[in-house]
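Following this line, the structures themselves.
You will see chain A twice below: alongside chain B first, and alongside chain C after that.
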Partner chain A sequence: MGIRNKTLKVMNSIKLMNKEKKTLDIMNSLLKIFTALLVIVFVLYPFLSVFGKALYSDGRTNLSEFQFIKGEFYLVKNSLLSASITALLSTTFALALGLMTFFVSERQKKIIMFILLLTMVSPPFIGSLTYIELFGRNGFITRDILKLSINPYGLWGIVSVQTLGFTSLNAVLLIGYLDSFDKTMIESAKSLKANTTSILLDIVVPLMKPAIAVSFLLSFIRSMADFSSPMIIGGAFNTLATEAYLSIIAKGNSPRASAMSVILFIPSIIVFIVYSHFLKQQQSASKNLRESQTRMKKSGVYHLVKILGLFFILWLIIQYLAIFTSAFTDKYKGEIYFTFDNIKDSIPHIRDSFIRSIIYSIIAGVFSSLIGLILSFYSYIMKGKYMKILDFISNMPYIVPGTFFGLGYIFAFNKSPLKLTGTALIVILNLIFRQLPMSIRTIQSSMTQIERATLNSAKDLGAHNLYILKDMVFPMSYSGLFLSFTNAFISSMTTIGSIIFLVYPSRKLATFVLFDLVSSGKYKIASVLSCIIIIVCLSVSLLSYRIFNRSSKNVS
Partner chain B sequence: MFLNIKNLTKKYDKVEAVRNVSFSAEEKEIICILGPSGCGKTTILQSIGGFIQIDGGEIILDGNKIENLEPEDREIATVFQSYGLFPHKTVIENITYGLKFRKYKKKDAIEEGKKMLEVLNLRGYENKKVTELSGGEQQRVALGRALIVKPKLLLLDEPFSNLDTKLRVSMREELLRIRDLFNITMLFVTHDQEDAFSIADRIIIMNKGQIEQIDTARNIYLNPKTEFVLRFIGSANIDKGYFVRPEAIRLSENGEEARVVGKTFKGSFIEYIIEYNGNNYKMIRLNNEEEYQINDKIYIEMEMREI
Partner chain C sequence: MKKRLLLIMLLVFSMIIYAGCSKETPDVTDPGVTDEQNNDIGNEVEETEDRLDFGGRTMNVVTTSEKYVELFDAFGKEVNAKVEFLSMSSGEVIARIEAEGGKPMADLWFGGGLDAFMAAKDSGLLEQYVPKEVDKIDSRFVDSDNYWIAKGLTVVGFLVNEEYLQEKGLETPTKWTDLADPKYKGEIIMSNPAISGTNYGAVKGILDMMGEEEGWKYLEKLNENIPFYGKRGKDPEEKTVAGEFAIGIVPADKASFDVAEKNNLRVIYPEDGIPWVPEGVAIFKGGDGVDIAKAFIDFMLRDENQKLLAELDGKDSAQMIKEGIEGYDLGLPKDKLIEQDISTFGSMRENILTKWEELTKGK
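Let's turn to the complex of A and B:
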């Protein structure tokens, strides 16, 4: 009797466990399906909608929208021209900055990194703003110092503004790549009596080829997709990106805008394929854990590197000095004086928009990180077959130009059942999914630290997949989540392209206000607003760097 | 038999990492798998643990076919070479994690965990971070975490490889003690022949995904079934299908003449290379015996055995 009772009890508890396992299985499937749906609806569907709009009308394929390639070929030519020059220049400067790190002290390197960070947390058209203030018709340098009256608008304006804006990211990329180099290679070259020029040109630069290619291509797409700089300082120099933007804003011609965006997308996809190819090589580059400062003689090619690098840094410093002074000064009868008036004047412009920007950015940061975590869990950790495809789809917002992604949202969500146009939700969703690729990357690279054996142990002890997500992967990805949140927050605070068509005029975000202010010539107030955006983003990234460093010290 | 593996096969891209492996274990038995790197030892453990999909064969544990179950549904626990401890949890949280899925109340789980720490001589370590522990301590935490869920079978993949020689010896004793305490069956992968010889009831010698021989340590050493086993375990002098172990070469006044051509001091014994009949042989003598110099003449007796 006793034995039978015991058996019954055991059987009951097994039944109970089975039931619980079933519940967990169902929840697991639901989570997977839900995430998959999110990606399909908010990434794939808008993406396809743009193609639909460009290629179909009246129920059949219609290529007439692409006529502009013949009639207005200059648009394509202008875009390619400015993108090529910008990519070339911004890669050259970035390379010089990268190589400079071989010759400077740790402290100087930190300062350089800080200056680069500054440009990365600035709104995109801040370069245009200072450009006009310094070199414009009434520019401080061109008119007040050099007494010139030149027309600064056009190709070279665009190129110099974009170069200034894109070089920083390239430089950070190249410096990161150099840091992962096996330094003993350089030491051995030195012991073979190679001089600085040969070390740099025979060993370092050839090894950097993949990273150089990546930064060239990245700047190329970014330049092609950028509509704000050409809008502000392009003058008569129109590009595909500006024309696509104007087609919507001024003419309401969405098929034409879509066709142009599709054309803009072609180089992006090519670049992306090449980029992923190079990225693979880059990841297999040898990692060197030993922190070592490699010293080289300051001779030969070094001097060229130094001139380029210093020139760029000086240029950046002038830009930020100009913004800060412009925010706190005004001119009266040719005399420049200090004032808080600009700040007072800016208050009505920023009150609502600023808080709205911060809230949206926080939401975008949190959700893109969480969705990124769940996706990475299923695709990277669990290696689900279909999840790999989903992973690819969720990376698409990274390659498409911002305006393309924004157009997609208009076309996809302007009718029921998913009528979202005009709501705050559509803006937030757009921000979330636009940042998703970066979040996925950041989180997956932090997941490489998680040992397989750790997860297997948890499984072995009876943990269901969902528990592995909750108890293991989530807490062990804190650093990645944190970084991903910070990046997404900053990008959302400074972005404009993808949401410019989605934001309702009465619910403007800070970058929009800034764009309007610059476009309508209110440079002083624009400077104040830029400063505030920079300060907020900078504080968030420095703060997160602090916390992140502390928490990573605790773990290891 | 308590554990029965039948015709286990696992392929990676058409290459068979494990081919048609069959063996079994009785309850409470400790079986060691020995073999060169890449021969498929880890693959066998991972197949039994359920971490990889197998391409063929059956795994039967205590009368139940388990090869299609998820790892969390198999009554098996694994101690990984790298331990796989949860770096963000304390010692006690690591040890009691498995109880969470076995309907333990938190208080009871901690009670059990403390008992386990006692058994493993880790009293007072409850709230330490696992990342602050030494290799041997981490090893014991991993062991405790696996044992606490009372698995029917414990798999250990080179659990001692991160430990120094002294610690290895004490961990071996610990493992034997734990076997008697928990009445548990163990499958143990190692590179170290001494590990295998000191704790295994039976040893499996593997080569290129297949089993060469399963036997007691004594039989493996004295009666190797294949030349691979002979060469892999200990050292041997081999000549045309016959072999003799170095310690089986005896000195004898009536023996045949040989000449010392090499000599290495190895601590408790001395290894000589001797020339005999035009061939070189390895021979060992304890270091408290008469010591020979190079070029000395000695007289030996030996019996070559067929492989």
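Let's turn to the complex of A and C:
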């Protein structure tokens, strides 16, 4: 530093800049490689391990595990059938709810959104829990109110429970889409005196096509992957996902489970490719973000929309009332009475598992959002060539059933150098990478709002990639990051399929305990636990919504 | 505002750090305390009052139900150890050990159908141990090579909704042969025996009682009356309680009697023969807490703990394996227990289940 010579100083600083640029470049590549490695090791490798288990045994290719297709083709048929019906119904209901928002006040819309949020934060199998109590042969509604004795099991049981569970996310998707698109067309149609039916059917619905397709396909994939509902209310109607799960727990046959998962994967990947196509359309269409409330006359097709929408909301409300009441009541010889016993009984089940669940979910939320941000930065903003492939790979956990992903983790990480089975790390990693696709989606859709020109000008001014990421993309993706954190947190709190085979005695998670309670028929205590999970998830969503709203106001 | 954000981030990171730390502190071993415990295979001399102290180490347990928590806690307190447990079906235990490359996920395996224990013994997953007081146990319930021991018997009965049957003009079934009567079509629920140890016990018991040929003929007829098989062990009880079915094939223990009392149902011990299945206990080979697991088995076999176990399991005295242990009086007629061949529980399992699956395909 003793050198005072001006020229030398300038030269030195140039050198320094070069040097700094070099370090930055190295850091940049390191970050890229590190992220790529993470995805390859924790997504692709476990994924391929399942294929390996299904296809190879004793060191050679062995297709014998696939023979079940011949004898048990009905499994494939059942899965496809129930997934198609569920997807159709849950999209129809979601569409009705979406269109309903055109006719209700801001306040009513908020209430609808809150009820929808409630189902999204509930563990997936609690639908089946209340279903039998309400609609069973001896159910409260079917027998006590409607005086019917119907068989609740089988295809329609599964379809009802799944529809109830999946519609909410679809509806939120559709409502979000409706909010974002340009309403001027509707306004002009209205001024041309078009009636409600034709506005909805000729303008709105066609415009929503990509979003409708996305929610249909999403429900299809989710239904194919769901093993818990068919297990509880499927009766004699068996599906692939359930059978794969049972192959493990009843037969101890993991190659068979792997083979079934591989077959299950085929329709899902096809559907996913179609889905990505529509998703792009949806993203490119949703550019307009002006909030505007459009009202229409309540006539024509509106009545159908209203009936469907109200029916669904009523159904949801009944379900949640049932869970809540069952947490606080018990039955003795047919007499229902109020009690706190269930809550008292639930305390030993809560113990450490709840705190552990919350901590794991926070970690999963933070890291899946960060990794999602970095991946999206390289693939979506920088348009890196190989990064596109990586982006596709990182979507895998989303397409495959949770049990598939969990099995993959066992097969992949049961030996050194990556021996992780039995550690907390394997569960956390599984949660992180299972949520990654959703995080990438939310972050990328928030990135659509970043003006590319701004980034390019920063680049032209010599800003390094890393600084663009840190100082521009990161703050500009705040909304996406918050949303992705919340999503990942909630999913991690409520997920079961992917972690069910990874949990060890000292590492139980809340959903696992809940699933166990449901499996062993302790519905009362299960209801208490469900309520607690719902409350935790709701508080976190509301809190993060609050923080985000305030911080985004601060920014603007 | 920024401050609050910072605060939350801080919270998040402190939690991460907490989780990171908690990962790294498993099972601190206290050397020197336990070595003498390791080499007492074959040592049946009672050397109690040598208070065991495991220095807060952890024993991991896979078990069938969380209801044993009281027993585990009592043990943990006595020997200064921590007991962590996970409930899991026996099929899953075997599948996971296999999938994870042979390393057992726990030290102790507590409960579950004996067939799985026999399979685990054959695959070399279990540790040999001769517990203290083994001489006071019916030798049928101890493995001849000392790999497993039974902790009690599950007996199979019917849970019956008599009110519902009366409505339909049907009488209460009292025998297995009654259940095959076409008039009960659609009213009976049973679990898949591949999943439920109790229901595997029922199928095995029926085959032992009637003989292979007659037994399968009977099961074929019974199958006609059962619309589908539950995919969870608890299905029969639960669905009978919910009024979905009139007759459930259930484990006839105190819990079932309680459920019956509470819901106006009845538990019936079948008059023509009561199937039963021993529940196993074994130590996994190669775990960190093998010595603690051994101490646990000795602990479990002590009279006062047998009594506690009978209470937790809700067992009749006739369901206990140690002589002179008094359980509940559930009125179990000991002479009606079917003459079953224990040795074939494991060896016949695959055959029985394959045949059973063919018989009931698609249900």
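Definition applied: the second predicted complex is superposed on the first by the 466 of 556 C-alpha atoms of A that agree within 3 Å, B and C clash if a C-alpha of one lies under 4 Å from a C-alpha of the other, contacts with A are read in each partner's own complex, and residues count from 1 in each chain.
FYI, a contact is a pair of C-beta atoms (placed from the backbone, for glycine too) under 8 Å apart; a residue touches a chain by one contact, two chains touch by 3 or more.
Just so it is clear, the model here is predicted, and its values are computed rather than measured.
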Query: After superposition on the shared chain, which partner residues are touched by A:Lys508: those of chain B (first), chain C (second), both, or neither?
result: second
- prompt: Between chain B (first) and chain C (second), which, if any, makes contact with A:Ser457: first, second, both or neither?
  reply: first
Query: Is it chain B or chain C that touches the larger share of residues in chain A?
result: C
- prompt: Is A:Ile399 contacted by the first partner chain B, the second partner chain C, both or neither?
  reply: neither
- prompt: Which partner does A:Thr423 contact after superposing on A: first (chain B), second (chain C), both, neither?
  reply: second
Task: Quick one: classify A:Asn414 as touching chain B (first), chain C (second), both or neither.
output: second
Message: So in the superposed three-chain picture, is A:Asn238 touching just chain B, just chain C, both, or none of them (first/second/both/neither)?
response: second
Message: Looking at A:Leu164 after the superposition, I want to know if it touches chain B, chain C, both of them or none. Which is it: first, second, both, neither?
response: neither
Query: Just chain B (first), just chain C (second), both, or neither: which does A:Asp471 touch?
result: first
- prompt: Where on chain A do the contacts from chain B and from chain C line up?
  reply: none
Message: Using the touch definition from the top, list the residues of chain A that touch chain B in their complex.
response: 13, 16-17, 451-464, 467, 471-472, 475-476, 555-556
Statement: Counting only contacts in the complex, chain C reaches chain A at residues 1-2, 4-5, 8, 12, 15-16, 18-19, 22-23, 26, 58, 60-62, 65-66, 69, 84-87, 89, 91-92, 94-96, 98-101, 103, 105-106, 192, 194-195, 227-229, 231-234, 237-239, 242-244, 262-264, 353, 362-363
Field: chain A-facing residues of chain B, complex
entry: 49, 51, 70-72, 76-78, 80-88, 97-98, 100-103, 131, 142, 145-146, 149
Message: Please output the residues of chain A touching chain C within their complex, sorted ascending.
response: 74, 132-133, 136-138, 143, 152-153, 231-232, 234-236, 238, 242, 246, 248-254, 331-334, 348-349, 359-360, 362-363, 366, 407, 410-411, 414-415, 421-425, 428, 501, 503-506, 508, 516, 519-521, 547, 550-551, 554
